[in-house]
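The same subunit A turns up in both complexes below, where it pairs with subunit B and then with subunit C.
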Partner chain A sequence: MTFWDKAQNVDRRVIYTLLIAILAYILIKPIGLPILITKETKAAYDNLDKVPAGSIVWFSADYGATSIPELLPAQIATMRHAFKKNLRVVAGGMWNEAGNLADMVWQEVKKDFPDKKYGIDFVNVGYKPGGAVLLERMVNDAHQALLGVDFYGTNFAELPLMSEFKTFRDVKLIFEFTAGTPGEQDYMKMVTDPLRIPFSAACTAVSTPGIKPFVQSGQMQGLLMGMAGAAEYELLVGKPGTAIVSMDAQSAAHLLIILFILLGNVGYVITRKRPSARV
Partner chain B sequence: MFVEGSAIQIWISALLTLAILSVVYKDNPFYRFAEHVFVGCSMGYNVVVSWYSYGQPAITKSIMKEGKWLYIIPILLGMLVYTRYFKPIAWLSRYSIAFSIGYGSAYVLTRDTRSLILLPIVGTFKPLLVSGDIWQTFSNWVLVLGVVCTLVYFFFTTGRKGALGVGANIGKWVMMVALGSAFGNTVMARVSLFVGRLQFLLGKWLHVIKA
Partner chain C sequence: MRREGPIILAGMAGLVSIISCFFGAPGFKVVKDELDQWFLIATNFMVLVGLINLTMIHWKRVSQKRAGWGYSVALLVAAYFFIVHGLVRGSVGDVQYKWMYNTFFAPMSGTMFSLLAFYIASAAYRAFRIRTAEATLLLVSAVLVMIGRVPIGSAIWDKFPSIASWIMDYPNNAGIRGIQLGATVGGMATALRILTGIERGHLGSDV
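This part shows the complex of A and B:
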């Protein structure tokens, strides 16, 4: 068996071991590779940046713990941006971990914004089921749709911000963090297309090819694509977080995978030309 | 990642992570244990969060305090689903399913067409000559030709000969590029998740890097 034969049948355990070793090494000793800002991320940044100060924006955490490495840094970076711009944020989501995720983001971001107060600058309405039906009800009466209580069980009547957020019509921008269904399509169908509310999203890398056409059609103004999108946003906001730190490791892993793909394919082409391969 | 946890929580989390990752070597009892714990915890979490997020406020606040008695109808309709466990009255569950299907279909018909079909199609109507911007002109041509040729690939009424054959062939290549892009994004997503776990293991657990 030649080298090229072996290159086509590398044991997966070898690949995983190399991957773990390289990722661990790069995480311990980062290289500091440059991060280029894509136009989709810049558009999402500009979309939030141009919302007038004092306006209300809706952040929807439609993902679970499994997508935290990709989407939580994006949610933290966008929330930082919103607070920098003196926007008020109402967060919730249609996935059952939405309340906890929004709480994690609030706990992290408020360290840098000690003047921001819960109930005045931020409200976490938590997880509310119903998908598209919930969103349609929120277009007409958000308080009724959300049953009038936040993630911590506080009545909306005790939260001053909620007196100004009666329906989606009071929102100047929707930013969705999506890992699947219910997700961005429900927002476009029920809220942002009919009401023409500016809409940006952060998605997992795996769902990027399915979502990007909506940016091109103008239904979505900006898009953060996976961890790379989150890293770009962290860079734009000027506060490096876990996404930026991870990008070196991500690039190194991609190089390793490309190397194995090339080895396998070159090996295939070379061994195919051998007379014995034609038998 | 940002969850503050006690040492015991971090150790449980780290050991379960290692147990799950051990499947890349081969299937083993540690992996199966961690998998079952995950499924059980997810279900438990789902039930509790759903109850406190919607069930309890709907009953104690909306119905009992605010007198929205009509809410009882959807609750009863939902409970009918569980009649499936009792054979003599199992047929009652069909009412709630029929209601969901009817309601869902109407939603799909009225909303999907515009947002998921018409507007994305309109998005492909691009000017094929953008003055002073050769790159944009090229991009628009790629987009328009890509869409048309991919549609031609799925045109099965006549044989793929002449222009139709060429178009279908280009369409096939466009789809291959799209699938390659999808594969690349999938790899990126999986690596991201793995990097997240490694950050936790090296940071919060082993304190080798800054958590």
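This part shows the complex of A and C:
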């Protein structure tokens, strides 16, 4: 067996070992490659940026712990942006970890915004089941649909912000962090399309191809595509976080995979031209 | 009646929703709002049904000592520990609960998802071969998007991001839109079949 034969059949354990070694090395020693801002991320940033100060925005955490590396940095960066703009945020979600995730974001972001108060500038309504039906109910009566209590068990009557958030009609922008269903399509069907509410989303990289057509159609104004999108937003907000740090590692991983693909194909072409291979 | 009852109920509920949504009939809206509320309550109970189902499946596996029964023990212990702990001490605001979520659940879930990167690396290396014109097209577009979506792409050649963006905006969007339209039409047809009682898979095999 020649080198080129072997090049087509590299043991998967070799690939795994190289990948983990290169990821670990770059995560420990980042290179600091420049990050370009895509038009989708810029549009999401502008969409939030133009919301008048004091307005209420709805942040929906529709993902689980599996997507924390990609979507939590995006949620943290957008929440920072919202607080910088003096917007008030109501967070929740249709996935069962929505409350935990919104709480993690709040705990992280409030360190930089000590003047922001829970119940006045931010409310975490937590996870509420029901998917599209829940959203439809929230268009008419959010308090009833959300059962009148927040993630921490506090009655909405004790939270001043909730007295101004009666339905989705009171919201000036919806930002969704989505990793699947229920997700962005439910918002477009039930809320943002019928009520013409500006809508942006952050999604996992694997779901980007399925969501991009909605950006092109204008149903969604901005989109943060995977960790790269989160890194771009961190850059725009001016507060580097875990996404920016991870982008070098992602670059190295992509490059390694491409090198292996090239190696396999060069081997394939060379061995195919051999007379013995044609028999 | 075991068969007809659910079919009639599903058909009526669907009809009320369709008439309320598309024609805005006020009388139907009241009924639909009530049905929506029932749906939300039922969805909450579905969590309990899911837990019972999960317990039954894994308990059976443990009691019969089937292959991998140890994993089922781990699953049941973890699930019920979290539930009991949450019920006794409360899940929200409890330091221990938060610590368990942040220290065990979140990193382990992230690890499971990140394993995909390793599988994809190995699968891409084996699958992307220039055997046919279509496979070559797939390979070239995949490599261009992979390199164009990360910072090193623009560091190598500043045109890579634009090329990746073009691939995502035109060929990808056209293809996905076609698939989504097809799936939506298929979904409408299936919904119609369920409402009219032609499609009965959701009723189970014994009716």
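Definition applied: the second predicted complex is superposed on the first by the 279 of 279 C-alpha atoms of A that agree within 3 Å, B and C clash if a C-alpha of one lies under 4 Å from a C-alpha of the other, contacts with A are read in each partner's own complex, and residues count from 1 in each chain.
The criterion applied here is as follows: a contact is a pair of C-beta atoms (placed from the backbone, for glycine too) under 8 Å apart; a residue touches a chain by one contact, two chains touch by 3 or more.
None of these values were measured; they are calculated from a predicted model.
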Subunit B versus subunit C as contact partner of A:A102, first or second or both or neither: neither
Partner chain in contact with A:P213 - subunit B first, subunit C second, else both or neither: both
Touched partner set for A:M188, first subunit B, second subunit C, both or neither: first
Partner chain in contact with A:A44 - subunit B first, subunit C second, else both or neither: neither
Touching partner for A:P34 - first (subunit B), second (subunit C), both, neither: second
Which superposed partner A:I257 touches (first subunit B, second subunit C, both, neither): both
First (subunit B), second (subunit C), both or neither touched by A:V10: second
Partner chain(s) touched by A:T66 [first = subunit B, second = subunit C, both, neither]: both
First (subunit B), second (subunit C), both or neither touched by A:N265: second
Residues of subunit A that lie at the interface with subunit B and also at the interface with subunit C: 12, 16, 19-20, 66-69, 96, 99, 104, 126, 129, 133, 151, 153, 205-206, 208-209, 213, 216, 225-226, 228, 250, 253-254, 257
Subunit B-touching residues of subunit A, taken from the complex the two chains share: 12-13, 16, 19-20, 23-24, 27-28, 66-70, 72, 76, 96-97, 99, 104, 107-108, 126-129, 132-133, 147-149, 151, 153, 185, 188-190, 193, 204-209, 213-214, 216-219, 225-228, 242, 245-246, 249-250, 253-254, 257
Complex interface listing, subunit B residues touching subunit A: 1-3, 24-25, 45-46, 49-50, 52-54, 57-58, 61-62, 103, 107, 111-112, 114-116, 119-120, 122-124, 143, 178, 181-182, 185-199, 202, 208-209
Residues on subunit A engaged by subunit C in the complex (per definition of touch): 10, 12, 15-16, 19-20, 33-36, 38-39, 64-69, 96, 99-100, 103-104, 126, 129-131, 133-134, 136-137, 140, 145, 151-153, 205-206, 208-210, 212-213, 216, 225-226, 228, 247-248, 250-258, 260-261, 263-265, 268-269
Subunit C residues within the subunit A interface of the complex: 33, 36-37, 39-40, 43-44, 46-47, 92-93, 98, 101-102, 105-106, 108-110, 112-114, 116-118, 120-122, 124-126, 128-131, 139, 143, 146-147, 149-155, 161, 165, 168-169, 172-173, 176-177, 180
